[in-house]
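Just below sit the structures, each encoded as structure tokens.
Okay, so chain A shows up in both of these, paired with chain B first and chain C after.
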Partner chain A sequence: MFGLHYRLERKTLGFVLAVIGVASIGGLVEIAPLFTINQTVEDAPDMRVYTPLEVAGRNIYIREGCYACHSQMIRTLRDEVERYGPYSLAVESKYDHPMLWGSKRTGPDLARNGGKYSDAWHVAHLNNPRDVVPVSIMPAYSWFLRTPLRTDDLGKHLRSLRAVGVPYTDEMIANAPADAYGQAAPDSPFAEGVSKRYGEATTVRAFDGKPNELTEMDAIVAYLQILGRLTDAAHKPSVATETGPAGTKSAEAKPAEATPSGGKP
Partner chain B sequence: MIAQLTIAERRLALAILVAVALCGLLLTIAGQGDPIGVHGLMFLVAGAVGIFVVIAGYLSPEPSAERLQHYYDEPTKFGIVMAMAWAVLGLFVGDWVAWLLVYPELTFDAGWASFGRIRPIHTTGVIFGFGGNALIATSFYVVQRTSRARLPDQLSPWFVLLGYNLFCLIAVTGYMMGITQSKEYAEPEWYADIWLVVVWVTYFILYVRTLARRKEPHIYVSNWYYMAFILVVAILHIVNNLAMPISLGQAKSYSAFSGVQDAMTQWWYGHNAVAFFLTAGFLGMMYYYLPKRADRPIYSYRMSIISFWGITFFYMWAGSHHLHYTALPQWVQSLGVTFSVMLLVPSWASAGNALLTLNGAWDKVRDDATLRFMMVAAVFYGLSTFEGSFMAIRQVNALSHYTDWTVGHVHAGALGWVAMITFGAIYATVPWLWKRKAMYSAGLVEVHFWLALAGTVIYVFSMWNSGIIQGLMWRTYNESGTLAYSFLDSLVAMRPYYIARAIGGLLFLIGALVGCYNIWMTIRAAHLHDPAADSSVPVPAPALQPGE
Partner chain C sequence: MAVEERDPHSGFLTTGHEWSGIKELNTPVPRAVYFFLIATFVFSLFYWLLMPAWPTGVSYTKGLLGADDRKNIARSLEQAEQARAWSKKIEAADFAAIQADPALMAIVRQSGRTLFGDNCAVCHGTDAKGSKGFPDLTAASTLWGSTPEALMETIRVGINSGHGESRTAQMLAFGRDGMIPRADVENVTAFVQSLSAAPGSIDKAKVEAGKAVYAANCAACHGEEGRGNAELGAPDLTDKAWTYGGDTQSIFNSVWHGRQGQMPAWENRLSPVDRKILALYLADLRKPRP
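Entry: the complex of A and B
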């Protein structure tokens, strides 16, 4: 073996090829099958796509680096399920390009944050977290309320998401800016189209408390309120245990018995 | 600098710079009203300044053929200075964000200064700015000497270094404007990623061409590691950054992968960025500088082979240990643990090989802070790779994941291993490059060493404490069978450790500033004594031969 190496290390190209070969195996074995084995992601027929306003909110979440302190992945551990809600399923982030599972909880997990707090609480909290949680160390995002949301390019966002696999229709793409406006203006003529295209259960509210103004606050709150509510799959014990992530032991976590805050969409 | 290029290279440089400026111009026009326009302008200005500099020096006489008798070390000098500049920036921002976790109001009421936007400036600044520049600079130095061959041309090393620094600059200014992919350690958007591919391919070709010109029959161990670093980082970077931009005039893009596949791809990337950027590259550095400085041959050639191929093979499987108990299928998680535990063998073979090399030179470790930097680095490498394998075990990970323990682990590696070996290598190289007998002040190297060590230890201990307390509080139940602590209880408990961490970071930053001053004074002394101090005379290749 060392004799072979003694010869290999005299050949630049041979060495380069050997490194590429040896280094490629792990990734090929672990990643490629995730795209082909169909148990990897559960079926959830009720799963809906993000509305344009929620996409915009998600992009603000990404822009501000929220994922560095907040995870969106509840592990199959008893204390996590009891603290945050049913453990996360793969299908719940199937339209997340990229995923925001996170790696650190300086703040709490947000995977089931939707519906847990009121819009007004989120607005006050984002504007200055210490107004509502005195010991919080979260940054204040006071500019959300005073920054108008850019909507003119939302069609392009949806089209690009469709290109990577999210099933947006032509109609959704064409109406993206109007739908973004309508979702935060319940009394406007644009509101109806949102429910028509994204389902009756879609929340249409003046998220930032100002129905005639579309701000970044509207978008981020709309996004935070949909977290964990794109599908009901995680709340159905049968689905979660039968087609849950391979090998997650139902003994470790009982999603059916622990739904402190989930709520149906 | 231009005087060192041949006429043909000056022409080629002009062509490249015009192309860069044109791309910048197009991006500026297409990106009006989008932050990408600012980056277009930065490419344009970089190209224009470059054109100006080349034209200004265009008529200077061509370098004499005699230059080919020397190693080409000017790019290495530049890279080392840039590494130190990025170190100061990255460490400063790191300490700032550390204080923000204690005093969240310690910032400006504006997006660019918000924790979430400046935190990646810290990670990019230290990993890519400081670490990357140090790796590129030392790799040029090491490959020439261990191959007894001069870099094949004068232009491509400059293209690599300047282009790489432009990438880093685009990255950190982008974060402040809110441009990020949110992929950890791969935050820059599509256009910056494409630019890095161009730079990186040039780097690879330059490296292979130098190796091909070598006058040594064998490729030395350091070059195996530098080579693996260049190759695998390229593979990781290209795959993980596959994305669909919303338009060519906008910065935003959407990752080609989603959900569980994206998570696995991201952590395959993330973990192997640690493996091949922060480990392989710096092992290459260690295998050259530690034996040189100790004046001892590497302890075991066979251990080098085993550890090199072990690291190259095992590491690529280990990424899934970042996703224990998640929606990732368990078979992938199990593979991740298995290989993470096996990784301890090649990791400790490397650390052991380094420490055993010091046998017979421990008196030098006592007297010479530069060598001590390298020795402590090897110790921290051994410690943090042990910790890494340990934390990859599912049951340990259940406690440690999502907590500050991970942060502590990363910094044991980043401060204790990566930064220490780099400072050691820089303190060794600077006098060699600028033709001085030694650094300006050995005492200041000593001061830097103790500041760095104290800072690292304080940092790591405070994060171990906070992380384990956090993890335990989250899973503590009271007698009635309900969770004992709210999340806020655990947050309040972190405060003293966050203060300690910020102080540890501050010590480390002060150490780096002391280092900058020392390096600056050494370079200044070199210029005062001999303004013409330039390239070095080829010395016989280092006494270290791979087949000893």
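Entry: the complex of A and C
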């Protein structure tokens, strides 16, 4: 039974090739064909790309290791859908390079965080979480407010993202630093270009509360406020599932389970 | 195998290698391992048949059980909804009827607490008492009314939220934008503080000077007597409830920098029943307790 194996074990190169061959079977058979299956990634025509400010915020999110404690994926489980909102779709991470789904939740999931809280709350919370949530164990990121955002390299970031498939135009790349500034300075002449290039629905406001200064706080809050809002696909029942609504957040589960008699007053 | 040598002591074959006189046994893999190896193969065969498994290019094998996470979650949400018989009752009944029904109010208190914890507590606090910049929801005065109807509407549209029907409250930056000189900002701060402070505790001269500044700049929204105007989003300045603090520095900051507090709209995030439960929960929190 092991005759072949005994022979193989004695030939280093052959054995290495055999190991690689066997180890890649799982990947080749189970993952590679998924790229050809059209159900894998849903269609979302309304999907927009991250603005340069949001890209900068995303880079800060990665730099500070936020993903180590916060996931960005709501799973198809009832308690998650009832707490966070519709479950995540593949298409929502279409422009995420790399994706930040995460698998650890020391803090809550952030996939539907956009628009859930006010900018002022995010600023206060990032500056010192204990100021607004006394029991929070999240570290304070107080330097965001006093660190100017680096924008000169944003065009290069956009170009890199284009290289991996995000449809940034030449115009977007050329205007990246100006757009990053404009998105956080609604009264400046640069603000108009942001709406023009990224759509009218793009939020243009002084995220950190200081319209004349572009800080890292602007970028990270802009990013947190767009989470889950690049497309409405997950909120549309027809795309999300064939059988029914994708689970609008209806009344929570725990009380119903805790008091079965509560249903029959 | 080139070398066939049996170890006389254990009876097993050796590998034929020898290191300093020590030979390595070629002990066969234990039977249990073979058993489990075969068992896992058999399991995966059945699993492939029953569950979604193999990609076929444009689709995949769906499995005999027809398992589908998206259908499962839709079904389990539907079942959960049906299990909550009270949900329909709360949706249909009017506020007064629910408030009069102790059984429904028990559910409101329980569900409301969870909903509040998941959605509202990060700003307003788990006890709903708020913090600086985030109003105390249990306090006596709320700008847009404290009836369940008014609360539900505020939850639906938010404040300065960008929602089409949003409540609005825009306090101008009187100092920063140069509408009032600094001395007058200080005076009007004293005047505003005097409206709710103990008589005599504020510098009289400043209060007097601030009165005129108030009448010229603030009365249009906050009213001649400082009682506020919900339609303009102007709070009552005569009570002791302060969203941004009632000390001299805080009031000065509010006048100098203005205030455009924001509360998100929850219309697209929470179902009508959930918003109704939250409104009832808050109205219930505000009731004076014996």
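Rule of thumb we're sticking to: the second predicted complex is superposed on the first by the 241 of 265 C-alpha atoms of A that agree within 3 Å, B and C clash if a C-alpha of one lies under 4 Å from a C-alpha of the other, contacts with A are read in each partner's own complex, and residues count from 1 in each chain.
In this text, a residue touches a chain if its C-beta (ideal position, glycine included) is under 8 Å from a C-beta of that chain, and two chains touch if they have at least 3 such contacts.
Please read these numbers as outputs of a predicted model, since none were measured by experiment.
J.: Once chain A of both complexes is superposed, is A:His70 in touch with chain B (first), chain C (second), both, or neither?
T.: Neither partner.
J.: Which chain, chain B or chain C, is in touch with more residues of chain A?
T.: Partner touching more chain A residues in the overlay: B.
J.: Which partner does A:His5 contact after superposing on A: first (chain B), second (chain C), both, neither?
T.: In the superposed model, A:His5 contacts chain B only, not chain C.
J.: First (chain B), second (chain C), both or neither: which does A:Gly115 touch?
T.: second
J.: Check whether A:Arg48 is in contact with chain B, with chain C, with both or with neither, and answer first, second, both or neither.
T.: So A:Arg48 meets neither chain B nor chain C here.
J.: For A:Glu82, select first, second, both or neither according to whether it touches chain B, chain C, the two together, or no partner.
T.: A:Glu82 contacts both chain B and chain C.
J.: Between chain B (first) and chain C (second), which, if any, makes contact with A:Ser103: first, second, both or neither?
T.: First partner only, chain B.
J.: With the two structures laid over each other on chain A, which partner does A:Tyr95 touch: chain B (first), chain C (second), both, or neither?
T.: A:Tyr95: touches chain B, not chain C.
J.: Is A:His125 touching the first partner chain B, the second partner chain C, both, or neither of them?
T.: So A:His125 only meets chain C here.
J.: According to the stated criteria, A:His235 is in contact with first (chain B), second (chain C), both, or neither; which is it?
T.: The second partner, chain C, only.
J.: Both chain B and chain C touch chain A; at which residues?
T.: 6, 29-30, 34, 37, 39, 76-77, 82-83, 87, 133, 245-248, 252
J.: Okay, in this complex, where on chain B does chain A touch?
T.: 100-102, 104-105, 107, 109-111, 114-117, 119-120, 175, 178-184, 208, 211-212, 217-219, 224, 227-228, 231-232, 235, 239, 243-247, 250, 252-266, 268, 302, 305, 309, 312-320, 322-332, 335-336, 339, 398, 401-403, 406-407, 474-475, 477, 482-483, 487-488, 491-492, 546-547
J.: Any idea which chain A residues touch chain C in the complex?
T.: Spelled out, the residues of chain A in touch with chain C are 3, 6, 29-30, 33-34, 36-39, 76-78, 81-83, 85, 87, 115-121, 124-125, 131-134, 235, 240-256, 258-259, 262-265.
J.: Within the complex, which stretch of chain C touches chain A?
T.: So the residues of chain C touching chain A come out as 1, 54-60, 69-78, 80-81, 83-87, 89, 101, 103-104, 106-107, 110-111, 114-115, 118-119, 122-123, 125, 131, 133-134, 261-264, 268-271, 273-274, 277.
J.: Per the contact definition, I'd like the list of chain A residues that touch chain B in the complex.
T.: 2, 5-6, 9-10, 12-13, 15-16, 19-20, 22-27, 29-31, 34-35, 37, 39-41, 59, 62-69, 71, 73, 75-77, 79-80, 82-83, 87-109, 129-130, 133, 135-143, 153, 156-157, 159-161, 163-166, 245-248, 252
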